[in-house]
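Paired with chain B in one complex and with chain C in the other, chain A is shared by the two complexes that follow.
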Partner chain A sequence: MARLLLHRLGGLLTTLFLSSVVIYGSLYLAPGSPENVLFGSRSPSAAARAAVRRRLHLDQPLPVRYWDWLTGVLHGDLGTSMVTGQPVADRVGSGLGNTLLLVVMTMILVVLFGLAMGLTAALLPGRVDGVVNALTSVSVTVPSFVASALLISVFAVRLGWFPASGLGQGFGGRVDGLVLPAVALAILSCGFLARVTRNAVRDQLEREHVQTALVRGLPRAVVLRSHVLRNALPPIITAIGLLTAGTFASTLVVESAFAVPGIGQLTIQSVAQKDFPVVQAVALLLVAAFVVCNAAGDLIQAVVDPRLREAGSTS
Partner chain B sequence: MNRMKFTWTRLNKALGRSGTLSLAFLTVVVLAAVLAPLVAPADPNQSSLLDAYAGPSGAHLLGADGIGRDLLSRLIFGARTSLLGPALVVGVSLLLGIPLALLASWYGGWVDGVIARVFDLVYALPGLLLAVLTVALFGPGLTPAVVALSIAYIPFLARIVRAAARQQRVSPYVDALAVQGFGVLRITVRHILRNIVPVVVGQAAIAFGYALLDLASLSYLGLAVQAPTSDWGVMVSDSDALLKGYWFQVTAPGVLIVLTVLALTVLGARISGEKPPGYLRRGRPARAASAPVDAAGNDRTTVGAAA
Partner chain C sequence: MTAPLLELSGLTVDVATDDGGARTLLEGVDLTLAPGEALGLVGESGSGKSMTMRAVTRLLPRAASATGAIRFEGADVLGMNAGELRRYRDRGVGLVFQDPRAHINPTRRIGAFLVEALVRSRGVGRREALARAAAVLAEVGIDDPQRRLGQYPHEVSGGMLQRVMIASVLLAEPRLILADEPTTALDVTIQREVVAILDRMRRERGMGMVFITHDLDLALAVCGRVAVMYAGRIVELRSADTLHERAAHPYTLGLLGSRPSVDARAERLTAIPGRPVSAFESGPGCAFAPRCSFATAGCESAPPPLADFDGGVVRCARVQEIHAARMETKA
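Let's turn to the complex of A and B:
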């Protein structure tokens, strides 16, 4: 178990380091120098330009700047926004809570409905299975922005149950404003999880040990709980890890659709404003969330399934 | 006539009812895109404020949008940009991914390991985020988005091609060819690749669907195809119409996106030889068609299983 943990942690750190290099490096290879964003359409004097370059540390070679940035990040200093002059950490921090709440709400919906649909389909072959399958085949192709548009038109504009954009005051107001975005994010993932669950449970139901247990007269509930579900869990857990990671990426779209002040919206805004320090910080944060979720899925799987622990590696 | 009927029967048998239906739908969409100037009833960018939000009528079969542009024409012309982007993405990633996959499957060992590691790194960056970063660098437009997504889709396709090629690599006929002194290039391209064509085409169709979703999302965010151009993703982003209650303006392109992707996924799964779930087969629902990999390539878990 410890070996597996170390192995995964090493891989995780390597990936994070490499992607930080890619993110930092690529943004400074952009055509046009970053300080031009500050000057806009004005053409500054050489002295002013040099002063700004010094202030942004642009006069130093790339590896040095990368090292400064990385050590800063590790100390919690994400730099200063080039557009607003605020510390990046403040801008990111104010949105992080909303994004995390959104992801948590989404995953609660996904796990509840995805598992329920998948189990129903697996345990009730025939017509019910057919209907659920048809539903999930469609729902895995509904992109979150189309879902957002549909939800806004029905529940915000037509029925007025939830706000079409923005968040209210207090925790209740935030949850209220995040219901529709969470549903929009959950639709695709629900279908995916339902399919994975159905296939995993079906796969186990056909196994000989399950058939034997049933023939021996063990109660169906016991067989389901300790023979079928336990063995079907690993792929389901992987899928949940994967979907959580994907949800972080999809917040880019949904937060913009519903004007939720979170990380996703901040990314899109900063990209539009070419606010590089913010883009770097947010991109790194999203990649970290993505990688950590994937790794967490693998680790939890090893906890649940002793066989994987013995093998020493899940890949 | 007889010949046509024969082809039809064979097609039906190979693709099944759902596959044939998907193929028919996709054919209509592609034809509409290619023949857009001929079939569209009006100029998609011709606006007339008198017709703003006009309902369906003889002049505008599906009505008009907020500045009086014909909705049907915009949907038809929108198919062009909506399909062109994903076609480029899949084309480029196949062009780069297939050689890498064949290389990895043929040599195995450290070559396979290095390629798998690089793919792992690309996988760590979600495609959408990669595209957003690229747009931050080069400014919004279809080209940067397509370039970024092409890179993001290489591991997705190459992984599947590698696994299929690996299966061929260990079959006796490959050894037989190698013993006869045929070169690597000839064996991999003329024999192995030809044998895995169904898998490649099927997965390419599925990747096409996902690329369409990603590109439409980017266009929706205003980062790929730009506003005056008619594109399904851009059309869904018409929040003005949405908030005024003209839901059809936004729903129609959205539904087209969903249907196109659905058709591509179903067709792709059929071509690459996956068993359809019971409900799609004729007659009695089958007993648990348990495919090891769920819904074709949706399963991103086994990335770099090589290592």
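Let's turn to the complex of A and C:
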């Protein structure tokens, strides 16, 4: 188990390092030089341009700039926004709380409803299974931007239950404002998780070891909990890990739709304004969220299924 | 005569097919088992021997339905409600499956598997249950039982896992053990040991056993009586001591003739021609007729009844003539 942990941690750091290279490199290879963004439509003198380039360290070769940036990041210094002049860490930090809260709320909805629907469908074959199947078929085809528009028009505009955009004051206000965005994000993932759960549980129900448990006269609840559900967990955990990671990416769309001041909105703004230091920091953060979610999923799986614990140590 | 432990009468199992029809897998199986008796159920794959065991434990597939009667100590098994069925499975029957790797939950420790039924169904304390489990593991010949309790199924060999399964059945102390090809998935060298353990433990505890196998010799070695099944029906039933000498059904004769034997003279092994059929594939007459060298036109038209013959029961219309002919060639 300890070896598996080390193995996963090594992979995690390697992925983060490689993606930092790609993120940093690709932004500076993109058309449009950073200092042009600052000058806008003005055409500066050669001396002024050189001064700005020196201030932004653009006169130094790319590897050196990357190294300076990386050591800065490792010390917690994400640089300074080229647009507002604020430290990047402050800009990212103010939105991070909202985005994390949004992701947590979304995943609570996904896990609750996805698992419930999947279990119901697996344990009640026939009509109930058919109904759930139809529901999930529809829900996996609803992208979050479509869901956002629908939810705003029904629950914010027509019924007025939740705000259409922005967040209220305090924690309660924030939660209130994030309900609709969370639902918009959850719809698609719920259907997906329900399907994974249904198939995993179905698969286990037909397994021989479940027959053994039944034929030993164990109570049905024990058979379901200790044998069917427990053994169906690995694919479900993988799905939850992937969905959590995907939700971080989807916040880009939904935060814009609902005007939620979070990381997603910040990303879109910063890309539009070519605020390179902010884009880099946010992109790296998203990669980190992705990698951490996947690694966490793998580790939890190893806790559930002892056969996976040795898998890490052989490679 | 004591009351039977298990009694099957006219047990028939049909399975619904996708096109709305039904296929018969078992047809009119009659069997009785006295307390403490061991009965062998022998046949090729598809002969219905495993289906019989599934019916006895009510572990039939969803699409299958059983008719006829199964009585366990007089109680009607097919009519039991959920609670009665649980009690019957808990204390009445114990099942040793063919493939322990598939039949033991791979994600839980061997100790958890062994004590589960005691703790969940009988309210035995966990510590007490683990102590009992360790004792039974030692009895079935597993050394260092304490360590084994903490191991996972994938960490031990198939032979040891089958002993774990036998131990799990012994722990529940049922009155009837159903062993469904308990050694087929094991190495040949381990088979003998496992069968010997099962046989000894059963005798010591006075449990009844239905031993299902395709290996006629194995059944003869551990069972008092042997029933031979073909295409969902019993075709011959007689005591193990006399089956060698007095086997009368052409199919049983074929099974006996197709076994290799160490002390046999340079005789050729005789194979039964054709392939085994399932109950639903057979015509109106004797299911074995198409493969039988003694068959006449009459065999294919009407099903032969199961009738007493020479100390056993045989399902063959021409059994008298065949027997007479064999006696002649012997003499």
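Convention: the second predicted complex is superposed on the first by the 311 of 315 C-alpha atoms of A that agree within 3 Å, B and C clash if a C-alpha of one lies under 4 Å from a C-alpha of the other, contacts with A are read in each partner's own complex, and residues count from 1 in each chain.
The working rule: a residue touches a chain if its C-beta (ideal position, glycine included) is under 8 Å from a C-beta of that chain, and two chains touch if they have at least 3 such contacts.
Values in this document were obtained by computation on a predicted structure and should not be read as measured data.
In this superposed model built on chain A, chain B and chain C occupy separate space and fit side by side. Looking at the shared chain after the overlay, A:Val215 reaches chain C, while chain B stays out of its contact range. The larger set of touched chain A residues comes from B, when the choice is between chain B and chain C. Legend: residue contacts after superposition of the two complexes on their common chain; A:Arg158 is shown touching chain B, with no touch to chain C. In the overlay built on the shared chain, the residue A:Arg53 is in contact with neither chain B nor chain C. Shared-chain residue A:Asp305: touches chain C; no touch with chain B. In the superposed model, A:Asp203 lies in contact with chain B only, and not with chain C. Of all Cα pairs spanning chain B and chain C in the superposition, the closest are 8 Å apart. Taken in their complex, chain B has these residues touching chain A: 120-121, 124-129, 132-133, 135-138, 209, 213, 216-217, 220-223, 233, 236-237, 239, 242-243, 245, 247, 250-251, 254-255, 257-258, 261-262, 265-266, 277-279, 285, 287-288, 290-291, 294-295, 298-301, 304-305, 307. Residue ranges on chain A touching chain B, taken from their complex, read 15, 18-19, 22-23, 26-27, 29-31, 125-127, 129-131, 133-134, 137-138, 140-146, 149-150, 152-154, 157-158, 164, 192, 195-196, 199, 202-203, 205-206, 235, 238-239, 242, 245-246, 248-250, 252-253, 256-257, 267-268, 270-272, 274, 276, 279, 283, 286-287, 290-291, 315.
Chain C contributes residues 57, 59, 82, 85-91, 93-95, 97, 99, 102-108, 116-117, 120-121, 152, 154, 168, 172 to its touches with chain A in the complex.
Residues 207-209, 211-220, 222, 226-227, 230-231, 304-307 of chain A are the ones touching chain C in the complex.
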